[in-house]
Amino acid sequence: MADIKRQAVGESIGEGKTAAGAAQAGLAGADAEHAAWLAEMERASRAKQESFMNGISARLRHPRMTTNPQQPARGAPDFWRTFDWTPEERIERFEANWRSVGGHTARVRDLDEAGRFIAERAQELSARIIVRQDQDELAALGLETSVPEAEVSVWNSEADVSWKARAAEADIGVVLADQALAYTGTVVVRSAPGKGRSVSLLPTVLFILVPAERLGTRLGEALIPMDEGGREALPAGVHFITGPSRSSDIENDLTIGVHGPGVVYALIIG
Amino acid sequence: MKVSLFITCLGDAIYPRVGEAMVRVLSQYGVSLEFPRLQTCCGQPAFNSGYWQEARASAKTILDAFEDSDFVISPSGSCTGMIHHYPKLFESDPFQLARAERLRDKSYEFTQFLVNVLGVTDVGARFPHKVTYHPSCHGTRLLGVKHEPMTLMSNVRDLEFVPLPFAEDCCGFGGTFAVKMADISGAMVTEKVDHVKETEAEVLVGLDMACLMNIAGNLRYRGEQVRVMHLAEVLAEGAGLA
Amino acid sequence: MSANKGKSSVKERAELALNDEFLVKAVKFTTERLRNGKKNASAEHGNWDEWRERGRQIRLHTIAHLDYYLNLFVDNARANGVHVHFADKGEDAVAIAMEIAQRKAAKTVVKSKSMVSEELHLNHALEQIGVEAIETDLGEYIIQLAGEMPSHIVIPAIHKNRYQIADLLSEVAGERLEADTTVLAGFVRKKLREKFLEADIGMTGCNFAIAETGSMVLFENEGNARMVTTVPKTQITLMGMERIIPSFEDLEVMATLLPRSATGQKLTMYMSAITGPKRTADADGPEEMHIIIVDNGRSLQLGDPEFQELLNCIRCGACLNACPVYRHIGGHAYGSTYSGPIGAVLTPALNKNVAEWDDIANASSLCGACYEACPVKIPLHDMLIYLRRRKVETGNGKAVETAGMKGFAALTGSSAAMKAALAIGKIGQRLVVRGGEIRTKLGPLKGWNSYRVTPSLPRRSFRDRWEKLDREIDAKRPPMAPDMKRRMERIVQEREQGGGGHGGH
């Protein structure tokens, strides 16, 4: 049972074109050797797991715990769970928080206006390469026609493109927030085949579209559903973004844009 | 009702005037203090240095001295705090543990007793001086004595209170720490006195003579004339009891 | 590794640090900034003690059932496609990481900040097999170039000024870089961007691991941890075995406590929850992901009632910023990977060599600022005393001190002996008292009197004065007000009925 599961997992982690294809054709020498080594490591690790956990139980002086111990306190204090702002308050607080850490915000009526806003900034910045996630809402921005000077790439829309490199050379990345939270001024983006983690990370300037109806108050509003959806529903990366990349490592002097985007716009729609 | 005075080593040997002030202030409210002569040191120097066997010897003397008391009042948050460690010190000795818990529950730092037990917030004192206050670590953090001294000082007539910058920072005393790590301790007390000087206060007030001895020592070393007083002294002097 | 490393005792290292004016100023400035940030952020958020208590409860529970939660995490991480490994000792973890690097024929490893990796001295090991390991957190990159250890958990290069940093980076650049933060950071961005794109392996630590989903969570501000977990084809995560929390619901509490306690931020710029390697159709993220779970002395704390809470630590650094000793001597004086109050306790605890490290435990005035600052309420000030006690109990006390403490016990065990000693002191001090003060720097008063004067003993002690005072006061004492009397009686009564204490910790 465990082996079957592992095989399935092993397939899903390889690159689509190599793992599945190569498995049928019989793995090429190096790959096969590596897979065998991973399998060997796995066997050793599973054996070790038992002694490791038993060692912990012995230290804790109780028999090995195999059933879920009841948590006396789980998550935030009760008073916090009912804390909520009105939709208008959420927008105000979100904007204030986002700006306080050096981010930019704007409110736009709809995707058309958002598209125009981005196009204007792209022209100001003389952007040459724009990368956006592969989502209908972002297609509706019409950047392909409104910024003719720039090459607009749609994440993972064609094979044989080095997408990470494309995002790294991009001047502008455009993403759509899956959720946003006002209390901390945070945007949540989840990875998917059409939604690269690199798009919100590698470009110099980042535009995040935040539909007003996706704006909640507390962090828990994004975290608790991650438990509820369960492990299998989680994408590889869920990123909580709270402003531009920053560091104070040199003499406490705040620097913006150390590794990630230094200019970050949150466009609230609606 | 037996109310006992736990004078502490420093209070006994070096600063008898503090105990005296405390006795005079409490006496105003009809509190008749008794002084068990059996008492010595709370054992903190040994306890903090890891010499618990030796600390137990001191602690037992204190347990004996205050066996019959209903309230034990001390001019030091640190020494009262040490009594709060007694149950840990005797955790494997059920007999002494029970006594230790009893003593802990009836021990009070001076302002705790005055404000929280007697309910006194204004002793009717007048003290026309510029005053700053150093909250000692053990009193504030271990015993939670925070509002009591502030309340008492705010009700002293003509007392001009100047907050001490970084007040909650340790003065660097730390018992044997001041001797073992003399240079670090010296840097800490120097910084504390820099902050005291910034306030331009005439009087530095505190609740623990160990810390005050440390700060006063550095003030004098640097030729500063700031007066250093226990709050009990301010109250007694201000109320014309000294 | 640092300039301080050669010195044997914390006292000597502290002396060096105290004489380094820039260091003292830089450390004070930084810790003050972070400390105030934390104070403001926790006050603004409100109900801070309730959040702390919640954090403590979650950590206590998880550690008390670590066999269950860690096992659950491992099973879920495996189901996510992660290769999980276990390392009893630091060397084991290093060996596993090196084997992966060799199997992958890696030339370059990019790393995001990980205290565990510092603890294992992993970079050094990788270099020996010809793998270039590059720290990518700006501060870590700087101290790596300088060949030093981090001097602060959160701000590793706290002790370096921008001129020193400009010198280090100019050497890498092959040209003179201006000592300007923007220029320097800009250079590092460009330089490391190349490294991220060419690296074979990304290596990270782990702030929290979610047992119920097998996810790992990283907090950071720069984006380098995201780079490391997004760009290279292989990811290795080093994780202390105690980093577990049960659920994302619990992460809300940690995410509330950690950034506020560390830097005063509401949340770090990035918080990433990574659940397994990239999915088949994803175009970024690692193809192969390893998590190495490290014990390296942590399990020694399990089942030890005095030290188990050490495992609750979430590595925020708040205790360093609050500590007056740390603020004066900086991190390197502690002589180990972990500095400040947490380091003073954690280092001997992880190494189980109480005797050798006791002098670090002595570098504390026991003021309790660390406990007050700790977001999960670890009683570090108590633990420091327990460490000192263990040293004494194992017969490793210093002979002079042991003799002194025996004398102390003899004196304080009897009021008569103490009185006699006082009398001798009063006679003895006549030799050194001038104007009511003692200023000599000879003998036992040397250290104390280098910074202070000592008060002389008054002619009559309190116990000598008591009888007279008592008589005088007795004569004019008014009767007690009835309400006061009632209150006192009620307190005694409640106490007898098991009401217990009246506050205090």
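Should a chain be cited, it is by its letter among A, B and C, assigned in written order, with residues numbered from 1 in that chain.
Criterion: a residue touches a chain if its C-beta (ideal position, glycine included) is under 8 Å from a C-beta of that chain, and two chains touch if they have at least 3 such contacts.
Everything quoted here is computed from the prediction, not taken from an experiment.
If subunit A is left out, the remaining chains stay linked by touch in one piece. Each chain gets a centre from the mean of its Cα atoms; the one farthest from the centre of subunit A is B.
Geometrically, the chain at the heart of the complex, using CA-atom means, is C. Subunit A and subunit B have centres, each the mean of its CA atoms, that are 55 Å apart. Mean C-alpha position of subunit A lies 30 Å from that of subunit C.
Mean C-alpha position of subunit B lies 29 Å from that of subunit C.
The part of subunit A that touches subunit C in the complex is made up of residues 5-6, 9-16, 19-20, 34, 37-38, 41-42, 45, 48-49, 52-57, 59-61, 64-69, 71-77, 79, 97, 101, 155-156, 163-165, 167-168, 183-186, 191-193, 196-198, 201, 218-220, 223-224, 226-227, 230-231, 234-253, 255, 257-261. Residue ranges on subunit B touching subunit C, taken from their complex, read 1, 7, 9, 11-14, 16, 19-20, 23-24, 27-32, 35, 37-41, 43, 45-55, 57-58, 60-61, 70-71, 81, 84, 104-106, 108, 112, 116-119, 137-138, 141-144, 168-170, 172-175, 177-191, 213-214, 216-218, 220-221.
Listed in rising order, the residues of subunit C touching subunit B in the complex are 10-11, 14-15, 18, 24, 324-325, 328-329, 362-369, 371-372, 385, 387-393, 397, 401-402, 405-406, 408-415, 418, 422, 425, 437, 439, 444, 446-455, 457-458, 460-466, 469-470, 473-474, 476-481, 483-485, 487-489, 491-492, 495, 500-505. Subunit C contributes residues 26, 29-30, 33, 47, 50-51, 54, 57-58, 61, 64-68, 70-71, 74, 76, 78-81, 83-86, 88, 103, 136-139, 142, 155-157, 161-162, 165, 181-182, 184-185, 188-189, 192-193, 196-197, 212-215, 221-224, 226-227, 229-231, 241, 246-253, 255-256, 263, 265-285, 287-289, 293, 295, 299, 302-303 to its touches with subunit A in the complex.
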